[in-house]
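Two complexes are shown next, each including chain A; its partner changes from chain B in the first to chain C in the second.
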Partner chain A sequence: MLRFLLRRLLSGVLVLWLISVFTFGLFFVAPGDVPRLICGRLCTQTQINLITKQLGLDQPILTQYWHFLDRLFHGDLGYSYYNSESVNTLIGQALPVTISLAIGAAVLWLVGGVSIGVISAVKPRSLLDRAGTILALIGLSMPSFLIGILLLYFLFFLLTTHGMDWFPPSGYVPITSDPVEWAHHLVMPWCALAFITAATYIRLTRNQMLEVLGEDYIRTARSKGISRRRVTIRHALRAALTPVVTQFGIDLATLLGGAIVTEQIFGLPGLGRLAVTSVVRQDQPVVIATVLLAAVFIVLANIVVDLLYAVLDPRVRLT
Partner chain B sequence: MSLLEVSDLRVSFRTADGEVQAVRGVSFDLEPGRTLGIVGESGSGKSVCTQTLLGLTTGAKVTGSARFEGEDLLTMTEDELCSVRGARIAAIFQDPLSSLHPLYRVGWQIVEMIQAHEPVSRAVARRRAIDLLGSVGIPHPAQRIDDYPHQFSGGMRQRALIAMALALEPKLVIADEPTTALDATVQAQILDLLLRLQQEHGMALIMITHDLGVIAGLADEVMVMYAGRAAERADRRGLYYRAHHPYTNGLLESIPASSGAGARLRPIPGQPPSLIRLPSGCAFHPRCAFAMDRCRTEQPELAVVEESPRHTSACWLPPDLLGTNEQVKEDRRAASAAGRGGVVEEGAA
Partner chain C sequence: MSADETVAASLTETATGSTAAPAVIPAGAIEGRSPWQLAWFILRKDRAAMISLGFIVFIALVAITAPLLAHWIGYGPTDQDRTNGITVDGLPVAPNSQHLFGTDNLGRDILVRTIYGTQVSLLVGVASTLLAVAMGVLVGLAAGYFGSVVDSVLSRAMDVVLSFPFLLFAIALVSIYGSGLGISVFVIAFFTWAAVGRIVRGQTLSIREKDYIEAARSLGAGDMRIMFVDVLPNVLAPVIVYTTLLIPIAIVFESTLSFLGLGVVPPTPTWGNMLSDSLDFYQVAWWFPLFPGLALLLTTLAFNLLGDGVRDALDPRAGRLSQD
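Moving on to the complex of A and B:
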């Protein structure tokens, strides 16, 4: 168990290091002249030289990378090239937005997807099952920007033009300043994200449940005289849930790295948007920070999922 | 009054290929404390028959009646069935490896069963579960109760399932091939255990198997099933020594030990019929060495072949041709030849 954890953490660190090297290297391979971008069209060579020196871009790449690592281990991600804000601050502002978005959506899609999946599996080929299947198909095939735009159109535009301004179109209110407004601003993005992701969970839960419901131990459970509800939830769903939990861990972690499209559509200043703007502006310190953070989430989620696996299934031994 | 009276039970399933007639009019009854063996090949309807009694067949069309202590199991609501299942009729299934929930402790699964039917505390139910595990021969039950099923051996899992089945002192236990998945030595132990527990608790037992040898030492009465119908029904002695139906005879001759050392096994030729497109007349006629013209067109009902003990067989052969000795076989062949319109030798029938 301890050995497992140690090994996984070590390999995780290796993965993160490789990612940092690639992201760092990519910046120097990619075309573009950052000092000129910052300085603007009417810049003198002296100014450009000054900026290059300030950003440390005149030093050899290895030295620059070493400085980056050195700062990283001191918990300092450097400064944005543009507004000289510290990257720590930028991430600190964007992370709560993304966490709020991801966790709210995750709860919605997990509860929604799993319950629809269970209902579908309990009554296969019923009207509810078919409705669930169609819903899942729509969710799977619809691009996330489309559902976002549709929600905006129906819930914001149409309602507002009819005098019912129930949903704000964009923006983020920190939960610390006003929890109600926080939720109010996030309802639409939550629904948009949950809708497209829930589809996977409907399919996954339904298929797993159908498989488990045919198992001998479900017949045993039924022959014991416990209620159908208890057989479905305690016996069948419990067994069907393991792969769902795995999928959930990875999906949530991916989302924590930033939901680029959804954040963009609903004007949420989260990690996804931060990543996109910094990539466009070649704001290297911010790019590396967002990429590394997303990678950390994935690496950690994988370890947590494997640990959970052993908790959920007593037959699994971690080695 | 009989404990269980099943009459004209019919079960069919609708599938993409057509209607599967799994059980086609089976009747039997069972007295308290007695053992009924149901024998047949896979697909003979023996498992479907008993699972239907417990309402465990989903999506099936069921007709007939099955009165248990006077109440018809087939017309019960799900709630009523839940109070019967486990408490009054318990079941033990074939594969102990897959019949226990892999994610719950063995003790938890027994406690759940007790608490589903009796308002006892967890601690009391657990105490009882430990006693039960001990009584079915699991060593150190107080420690093993917290094991997961994968920590048990196959025989121990079947013992645990038997303990669970007996937890509420049911009037009837249905054991569906309880030893098929086990090693031969363990098989004998499990059968002994079942027999001992039955004597201790006085419960009735329905033992389903494809192996006549398994019920030889166990059943008071035996029903042989073929293609969803009863082929023959007799007490144990009658069935083993004075079998009438050619299918029963075939089963007896395919038991290795009964043919004696060095003797050739005589398997029944052919395959069990499709339950979607059943043969006309007697469903066994395509595989029967004694088939007559009548067998292809008319389906025989169970008819008395021996008055005492009551012994019935669904076969058109003359009722007095009982047993497997050579003379009887000769007589059967003659009768069959006569039925096909052949010449009967004087005195042969």
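Moving on to the complex of A and C:
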């Protein structure tokens, strides 16, 4: 167990290092002229040279990379090229938004997806099952920005024009200043994200449940006189949930790295938004930090999920 | 047995759509059928998959004949109808007899633009998927077949690609190297091949230990021959399933890039950039987001339905589950 954890952590660090090298290299060979971009068109060559020197861009790439790593190990992600704010601060501001978005949506899609999947599996081929299957298929095929536009049209525009001003179209209120407004502003983004993600969970839960419900020990449990409901929930669902947990870990981690499209549509100042603005104006320190942070979430989630797998399913041995 | 021939046979059958075959065989006559034929028989009975296939053929035809259709409708994809295509306030015009799907904020015909959008979506979707599958198959075969150091290096590479926050990275790549059709295809392929690679590697690992591989080697077959003649046909089923399911993912990916303004350069119409343009006008022009959105959704839906059908047909276990 400990050896497994150690090995996975090591390989995780290796993956992260490769990603950092890749991202760094990519931006270094990029054709964009960052100092000119920062300074504007009316800059003199002296000003540009000064900026280049200030940012350390005149040094060889290995030196720059070394400085980056050195600062990283001291917990400092550097400074944005533009407003010279520290990257730590920028990420510190954006992270709570993304976490709020991801966690709320995760609860919705997990509860919704798993319960629809279970209902589908308990009565296969029924009307409810078919409805669930179709819902899953639509969710799977729906691009996230399309569901965003749909929600904006129906929940914001149509309701508002009919005098029901229920859902704000954009904006973010910190949970610390007003928890009710926080949730109020996030309802639409939560629903949008949950709808497209729940599809996978409906399918996964349904397939797993169908498989488990056909197993001998379920019949044994039933023949011992345990009620159908109890067998479904206590015996079958528990065994069926293991792959769902795996999927959940990866999905949540991916979202924590920034729900780019959803944040864009609903005007949420989260990590995805920060990343896109920084990418567009080639704000290298911010981009590298967001990419790395997102990758950290994914790598960590992979390890946690493997550990959870062993806890949930006693048949799995970690080697 | 050559798997290629049977694939070809089932493919020609797809093209002609023959239905007479089982009827002429006298009762009791037993005919050997290849797994591919069996799969096609199952798939043909799947009504949803067949309707989807029909729809996909239809939009492929629409994409190919787009210039003809546009000529027939009377507007080009970037033509601005300044007299009838825009209101006095400069707003889009609702669907009418001249513009069946209405117009956008620049007075361009939405029907024609939606038709042209099929070109980009299908081209990018199919091209990037084929590229990704080719890469994934090559890497997966090599990793699974050679094992040891080759496997370690290639598997680690796949881990890295799969750990990338891919949309974010795609955006970074596009913002640096400029947007366009080619870069969209490349970016999408780059972030999807690893999933194919993992599947192929896993399958290859188990096939490598089979007796017939040993037999082929003892007959003097080289690595290349074993990999492509003996192993590849046996990993084809999951690869085909994954390919059909990857196409809608690639189409959504492309439209997302376009939506964020990082795909094919405007004014070339794509469903993604039409939807992005419509964001400022959906409150006054419901038709503006509706038609490209519907086209996008129906297309991905059709590919997903077909993919499900193909999986049920090729994987007997999945078939059993869905028929419980």
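Just so we're on the same page, the second predicted complex is superposed on the first by the 319 of 319 C-alpha atoms of A that agree within 3 Å, B and C clash if a C-alpha of one lies under 4 Å from a C-alpha of the other, contacts with A are read in each partner's own complex, and residues count from 1 in each chain.
What we mean here is this: contacts are C-beta pairs under 8 Å (C-beta built on N, C-alpha and C of every residue); 3 or more make two chains touch, one makes a residue touch a chain.
Given the structure is predicted, the values throughout are model-derived calculations rather than measurements.
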item	value
Superposition on chain A - do chain B and chain C clash or fit	fit
First, second, both or neither for A:Ser126, with chain B first and chain C second	neither
Partner chain in contact with A:Val287 - chain B first, chain C second, else both or neither	second
Contacts of A:Val15 with chain B and chain C, given as first, second, both or neither	second
If touched residues of chain A are counted for chain B and for chain C, the larger one	C
First (chain B), second (chain C), both or neither touched by A:Thr89	neither
Touched partner set for A:Ser223, first chain B, second chain C, both or neither	first
Included angle at chain A between vectors to chain C and chain B, based on C-alpha centres and rounded to the nearest 10 degrees	70
Gap in Å between nearest CA atoms once chain C and chain B share a frame through chain A	9
Shared chain A surface residues [contacts with chain B and with chain C]	none
Contact set on chain A toward chain B in their complex	215-217, 219-228, 235, 238-239, 312-315
Residues of chain A that touch chain C when the two form their complex	11, 14-16, 18-19, 22-23, 26-27, 30-32, 124-125, 137-138, 140-146, 149-150, 152-153, 157, 207, 210-211, 214, 254, 257-258, 260-261, 264-265, 272, 275-276, 279-280, 282, 287, 290-291, 294-295, 298-299, 302
In the complex, chain B residues that touch chain A	51, 54, 56, 78, 81-87, 90-91, 93-95, 98-104, 112-113, 116-117, 148, 150, 161, 164
Touching residues on chain C, where the partner in the complex is chain A	156, 159-160, 163-165, 167-169, 171-173, 175-177, 248, 252, 255-256, 259-260, 272, 275-276, 278-279, 282-283, 286, 289, 293, 296-297, 300-301, 303-305, 308, 321, 324
